[in-house]
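Contents: one structure, followed by commentary.
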Amino acid sequence: MRHKSAVSEPGAILELREVTKQFPTHRAVNRISLRVARGEFFSLLGPSGCGKTTTLRLVAGFEDPTSGEILLNGASIRHLKPYQRNVSTVFQNYALFPHLTVRENVEFGLRRRGENECARRVAEVLELVELAGKEARRPSEISGGERQRVALARSLVLAPDVLLLDEPLAALDPNLRKQVRAELKQIQRSVGITFLFVTHDQEEALAMSDRLAVMHAGELEQAGTPEDVYLRPRTRFVASFLGALNWIGEVGVRPEATRIARSEMEAGERARRATVTRSTFLGNCFHIEAQLENGQTVVAEVSRLAGPFATEESVLVWWRDEDELRFP
Amino acid sequence: MRRLRWWFLAPSRTVMLLLFLAPLAIILAYSFESRGAYGGISLPWNIESYLRFGDPLYLAILWRSVWIAAVSTLGCLLLGFPLALYISRAGTRKNLFLSLVILPFWTSFLIRTYAWMFLLRDTGLVNTLLEKFGLIHNPLPLLYNDGAVVLGLVYSYLPFMVLPIYAALERLDVSLLEAAADLGARPWAALRHVTIPLCAPGIWAGAILVFIPCLGAYLTPDLLGGGKSVMVGNLIQNQFTTSRDWPFGSAISLALMAIVMLMLWASAKRSGENLL
Amino acid sequence: MRQRGLVLSIYALGTYAFLHLPLLILAAFSFNQSRFTVWEGFSLRWYQAALHDAQLLEASWNSLIIALVATLFSTVIGTLCAYGLWKRTSRWLAGSLYLSLVTPEIVTGISLLAFYEWIFRYLRVQLGMHTVILAHISFSIAFVVIVVMARLGTMDGHLEEAALDLGANEWQAFRYVTLPLILSAVIAAALLAFTVSFDDYVITSLVAGVDSETLPMVIYAIARRGVNPVLNAISALIVFGFGSLILISERLRAR
């Protein structure tokens, strides 16, 4: 398609090098570097305003980076217009063309490229997203979930090198979201296209991604596999953003790794005396809140079988060595 | 993206520059020159035209224009505020009622003014009816006076008052009125102490939008005021036609523009936003 | 409360009567047999007289030509302008459009007259249809920009990005996405520009030449002499024509 340079990292389809975006009022993205491998489901995760959407828009070409380099297939795309880049975006509000039918929306990109086999490819992709039969409807005549799939089909039909998804599940209602999550992952597997997925929902990112990157205040905090980032967070922000965390002295322990014992015999080496302040039954487990002697409160998720604990009961809070999270 | 935008703006830039800004620049230049022997323009540069504003005759015309514009604005407010209030409470028929205010505004200005000539003249409908019912024996002099001019201006520019006030009333939080009622405010008190203060920006915008065209009115005083009711607009027209004193006409035009811009600037400062 | 509502309703009704009755009465009397303000029976004689008046017909023709040409240009120029300003505003352009809207007509007229006269010192041309058309284009652009801008303001900015993203260049994004979505507003703007241009008297009378007398100029000349039943008939026709155009325009704008 476009000339390829020899400096390409094997396997990396998209690479950001020291990319910075300075807006008049603030710096949205600060020297971000990351590599996305071919065929990977890669998520950018972070709270709102962390710069993840700006990063996506830089890759799509809607914003120009202040400095840094963006490479697609090893070639710089920094100076290319959005329509010259072989990436495609699924917008948060889908941005379907309201004056065009579902079919015309999906055909839009193919027509701009002057492709001949429009009809067949449109039919295929509509089959893939299970929208066959709704070709003649307008965006206003279909449901939210269907709109999301039209947006997906409209981009997929162009076979982009990277598909950019800007919180595509945020506009759906919570019940539908989990189902669509699985469908999206399934579609990604079957078409084998690289997905760059932006979300603020850590559960979504953990469940769907092959790898993910956590962003905070315009900086990339950590990138890795979901297990890696969840179990071995490199910063306090990453640790607390990805899940609940107890602070016991200077170390962090996740609630599911925090254990409670009645006697020293049951407890391990790392144990602290505590008093139970609240016990909540959640069906499959108990949520136990306990106060340490130094005044800190910890939360533990305890198996239902480990039995209820009474408030005011004196217990030992303990954890295993390998569950300890330490930060510089 | 930038290049396309440049091409898209080029025609309008050219037109505005050549057919709006350049003409204004020309009359700015003319206003500092003198009237030539045959009604043309001659150098040297001077400020004589501006000094002539001091003439009591012209001061009187300016004052009269301001006064007529002010009375017309007040008239529009007295008719427009209740109408806007009524429309804002009309529920589903709001859009229809609003269209009924806008519709006459877009029908020919000239003909709307002429319609009042038809009604107000000595043998017009009003006098005919009054005579028929025996209320008068000689026709009342309704046309060709300041009253007729004010009437024509109020009639012409009423929509300018209604629209911004209506917009302000629409933005008004209904729960505020409920809160006022809840706190024991009777309807009149709620209107005085809650509704009117909160839609003051709309009232101001309406007043400015009415006052400005009234001040520069030409056709209304010309047709409804006859020769008697001269306003600034007629004075300007006169300098460019009968009197052929272009420098003075230009100077008055610029003074009028200055007043208009000053008012817009003041209102923009007040509301902190532009009207466009 | 109810009583106050009643007072307000009556007041509003009165104001509506004030707004609409003058034109309705004028239109009604255009069908009057008599030339005086006394009803003597239904007649179309004033309409017949109007339709057989050569001067009126020629002026109407001039007005139509001027308004059509000016509308065509101002709609195209104004739409492109609104789109450009929507992308990124230009202070002086938006400012001068705004200023052109609030400048008293008489000032616009005399400044154009002065400008044309100045140009004519160097070019061998005269006042005529062309000067009127140019003047009309210049003052109606702002109306078009306002109407089209209002529609653009309600449009989702991501739609254009989506078009670019799917491989459309800037022109194609405008042509295939934005323009179809604002088309009804553009037509509404054109109808508005047409009525504004067709109706103008003040500016036109100052920059018109001997061959370019327009309908408003003839109407003004007749009105200046006093009330005339033929003029009532013309008024009724214009009010009806304009009313229809504006109603269509409102419909399109609301779409």
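Order as written gives the chain letters A, B and C; numbering starts at 1 within each chain.
As a working rule, a residue touches a chain if its C-beta (ideal position, glycine included) is under 8 Å from a C-beta of that chain, and two chains touch if they have at least 3 such contacts.
Every value quoted in this text rests on a predicted model; they were computed, and no experiment measured them.
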Measuring from CA centroids, which chain ends up nearest the centre of the complete protein set? C
Which chain lies the greatest distance away from chain B when centres are computed from Cα atoms alone? A
Looking at contacts between chains, which pair has the highest count of C-beta pairs? B-C
Between chain B and chain A, distance of the C-alpha-averaged centres to the nearest whole Å: 58
Rounded Å distance, chain A centre to chain C centre (Cα mean): 55
Rounded to the nearest Å, the gap between Cα centres of chain B and chain C is 17
For chain A, residue numbers touching 2 or more other chains are 81
Hunt down the residues of chain C that sit against at least two other chains at once, touch-wise. none
Check: chain B positions touching at least 2 other chains come out as 1
Residue positions on chain A within touch of chain C in the complex are 60-62, 81-83, 87-89, 91, 93, 95-99, 108-109, 112-113, 154-155, 158
Touching residues on chain C, where the partner in the complex is chain B: 1, 4, 8-9, 11-12, 15-16, 18-20, 22-23, 25-26, 29, 36-38, 76-78, 80-81, 83-85, 87-88, 90, 93-94, 96-108, 110-115, 118, 134-135, 137-138, 141, 145-146, 170-171, 174, 192, 195, 199, 201-202, 206, 216, 219-220, 223-224, 226-227, 231-232, 235, 238-239, 242-243, 246-247, 250, 254
Along chain B, where are the residues that touch chain C in the complex? 1, 4-6, 8-9, 11-13, 15-16, 19-24, 26-27, 30, 79-80, 82-83, 85-87, 89, 95, 99-104, 106-119, 121, 123-125, 128, 155, 158, 187-188, 212-213, 215-219, 223, 233, 236-237, 240, 246, 249-250, 253, 256-257, 260-261, 264, 274-276
Which positions of chain C touch chain A when the two form their complex? 156, 158-159, 161-169, 172, 176-177, 180-181
